[in-house]
Amino acid sequence: MKPQPIEYANASDEVKAVFDDIKTSRNVPDVNNFWKYLANDPVALRRTWSSLKEVMAPGALDPVVKEMVYLAVSVTNNCGYCIASHHAGAEKAGMTPAMFAELMSVVGMANETNRLVNGYRVPIDPAFDK
Amino acid sequence: MKPQPIEYANASDEVKAVFDDIKTSRNVPDVNNFWKYLANDPVALRRTWSSLKEVMAPGALDPVVKEMVYLAVSVTNNCGYCIASHHAGAEKAGMTPAMFAELMSVVGMANETNRLVNGYRVPIDPAFDK
Amino acid sequence: MKPQPIEYANASDEVKAVFDDIKTSRNVPDVNNFWKYLANDPVALRRTWSSLKEVMAPGALDPVVKEMVYLAVSVTNNCGYCIASHHAGAEKAGMTPAMFAELMSVVGMANETNRLVNGYRVPIDPAFDK
Amino acid sequence: MKPQPIEYANASDEVKAVFDDIKTSRNVPDVNNFWKYLANDPVALRRTWSSLKEVMAPGALDPVVKEMVYLAVSVTNNCGYCIASHHAGAEKAGMTPAMFAELMSVVGMANETNRLVNGYRVPIDPAFDK
Amino acid sequence: MKPQPIEYANASDEVKAVFDDIKTSRNVPDVNNFWKYLANDPVALRRTWSSLKEVMAPGALDPVVKEMVYLAVSVTNNCGYCIASHHAGAEKAGMTPAMFAELMSVVGMANETNRLVNGYRVPIDPAFDK
Amino acid sequence: MKPQPIEYANASDEVKAVFDDIKTSRNVPDVNNFWKYLANDPVALRRTWSSLKEVMAPGALDPVVKEMVYLAVSVTNNCGYCIASHHAGAEKAGMTPAMFAELMSVVGMANETNRLVNGYRVPIDPAFDK
């Protein structure tokens, strides 16, 4: 059977605790679908949320940069849900339309030159290998 | 036959002109291998350099952010040359070891959750589809 | 024009023979869409069914393991149809919700650490290269 | 600068604690290169090891199945290091040459039919979407 | 906010000029959605159209071969829009159903043997490395 | 243990028969490494060779086009062995340096625009969906 979402009302206490933390941390009235589906595995839910919170926290990189990198990877992998959710997340963190447009250009070029490098079998310059 | 690099001394005037512009723009004594291999196709060389110069110029995103996004895509695609060259490029643009470490964590998590989304077949939340 | 499915009633004898073998082997009343579309190329249909039957037969690996591996690859590649059909196939072969959940966690982690390895440029340990 | 491995002797106490746990859990005299490189980011090291230990523990799936799925994903993504290390890990968990051979056949077929599905634009059968 | 298409009537003069050139070059009454979305970034629109016109022009390879290669890459990457648009483009350039069927078989096999090579860790024959 | 190649002298009669057919079909004195490694699984060896011979035979597409498509997919997937072997195969079938250069440009552009489409979430034009 196709995986089904777990809504808050039907969730176990373990799942509710994670949902509550997501809602508080993000100041949102409900968690988004990703968490409702992942709640089918409460251990994975807890681990993934805990990891994501740690990884996406402000640090050496700004939150908007982290969200844009997340979007860049999702675009490269063509994950439709992830593109939609991290586009929204990046905008919330401050990404403007101009920033989005430049991001897409960089992602496009990187995917292009990655293949030119593969096809021409370019060896690594000694200067890049130190 | 395996593609071979074109060194400056053996390059056509058309290729030399692009090499000269790369060297001047980046303030480097020689172009890196990518350009020497792409020089087998002078039209692609000119187009790719011209596009890259336009895309990677400072704009709404800082050059270091652009280089880190380039690195994130290259890591996702596992292009060894591109990882090495854009790691160097990002460092030159200001990426510190702490920034690199956080970048890798974001790239890793994005690649992980992209697949969790695929496997659980998570539908896009209406809020992300506006 | 977009590829169209070939229904049994309109199929050539060559295609019908493959459809009949699929229906008998799997004990299903009709073939699923994949085969109806591939039937546009009767040679590819025959070859692909023949290969799949050989590859997915019980052997050193249990059928449920083979279906779960198929699902893991499809999730990694984000093939929506393949995820849906092999999720169903794995369940038919015995995959429980708990097995599915663990499978997704492994697939997620593998996609994450694959990129950490790429980004940190980790050399193969001599012990793994023997 | 290219990422460098952190050897036990030069590691911080935080890193040493993770290395010790890996060595004890796996009963090995030293950690493999992946951990030595990831040790450049002690937070990521701890999180990744903790997640991996949880995900790869025996559960609804046997350890050898988990290692084979890890290998299947790594082969699909072409991560050379991961292929080598999880081939070794799967063998240690009980994968025989016959099991490896069947695994590769399944991974190959899945990657092939994933693309046939994409190219023929096969719609999901209603039966697979429940 | 989700990216929105720019219709001709609402486009800037810069965007209109590119749209006009696409319509004239392809002899079509309107540009397809790709260009309407990319028009959110007039610089990327101009660069991408200019590059595409140069790359897809008849040369050492026939236009139908170029369109089929474009389709092969899009199928490998599972880009649904690109598969649909380049299928149409390849047909317009002369791809018959028989050519499409053979193309899919080649793309399928290549994706399969690419992974067999990865999994068996096949070293490059010296003859292929010259 | 790392997979090892099976040389003709040590091969079973079943494997020798496939090797002989490859050598005769291609008019080469020895099979390339791919077949020597795949020979660890004689069933997969026979099936893969038989499929490849069928798929790569002249038909609606010229052999050189098929080899170039194989190369395009291998470049997109970054399979180093496959890039080297199918570059050689394409050259043997008639690919000139100019054809290779154009092929790489198409592969590069396709990988770029695939991601622009993903990122801008471009819906399929009705005309492409018939």
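Order as written gives the chain letters A, B, C, D, E and F; numbering starts at 1 within each chain.
Following the convention adopted for this analysis, a residue touches a chain if its C-beta (ideal position, glycine included) is under 8 Å from a C-beta of that chain, and two chains touch if they have at least 3 such contacts.
Note that the structure is a prediction, hence the values are computed from the model and not measured.
Give me the step distance from chain C to chain D, shortest route via touching chains only.
1
If you apply the touch rule, which chains end up adjacent to both chain B and chain C?
A, D, E, F
Are the interface residues of chain A and chain B largely the same numbers on each copy, more than half shared, or largely different?
Since more than half of the residue numbers are used by both chains, the interface counts as same.
What whole-Å value do you get for the distance between chain A and chain E if each is reduced to the mean of its CA atoms?
27
For chain A versus chain F, what separation do you get between their C-alpha means, in angstrom?
One centre to the other, that is 34 Å.
Please set out, as single numbers or ranges, the residues of chain D touching at least two other chains.
As it turns out, chain D has residues touching two or more other chains at 1-3, 40, 44, 48, 51, 55, 76-80, 84, 87, 101-105, 107-109, 111-114, 116, 118-121, 129.
If each chain is a node and each touching pair an edge, is that a line, ring, star, complete or other?
Contact pattern: complete, every chain touching every other.
Flag every residue of chain C that touches chain B in the complex, lowest number first.
Where chain C meets chain B, its residues are 71, 75-76, 78, 80, 83-84, 103-104, 107-109, 111-116, 118-121.
For the complex, give me every residue of chain A touching chain B.
Interface residues on chain A, with respect to chain B: 2-3, 32-34, 37-38, 40, 44, 48, 51-52, 55-56, 59-61, 65-66, 68-70, 72-74, 76-77, 79-82, 84-88, 96, 98-99, 101-103, 105-114, 116-118, 120-125, 127-129.
Enumerate the contact residues on chain E facing chain A in the complex.
Against chain A, the touching part of chain E is residues 1-3, 40-41, 44, 48, 77-79.
For chain D, which residues count as touching chain A in their complex?
1-2, 43, 47, 51, 54-55, 129-130
Which residues of chain F touch chain B once you look at their complex with the stated criterion?
Per the stated touch rule, the residues are 78, 84, 87, 91, 97, 100-102, 104-105, 108.
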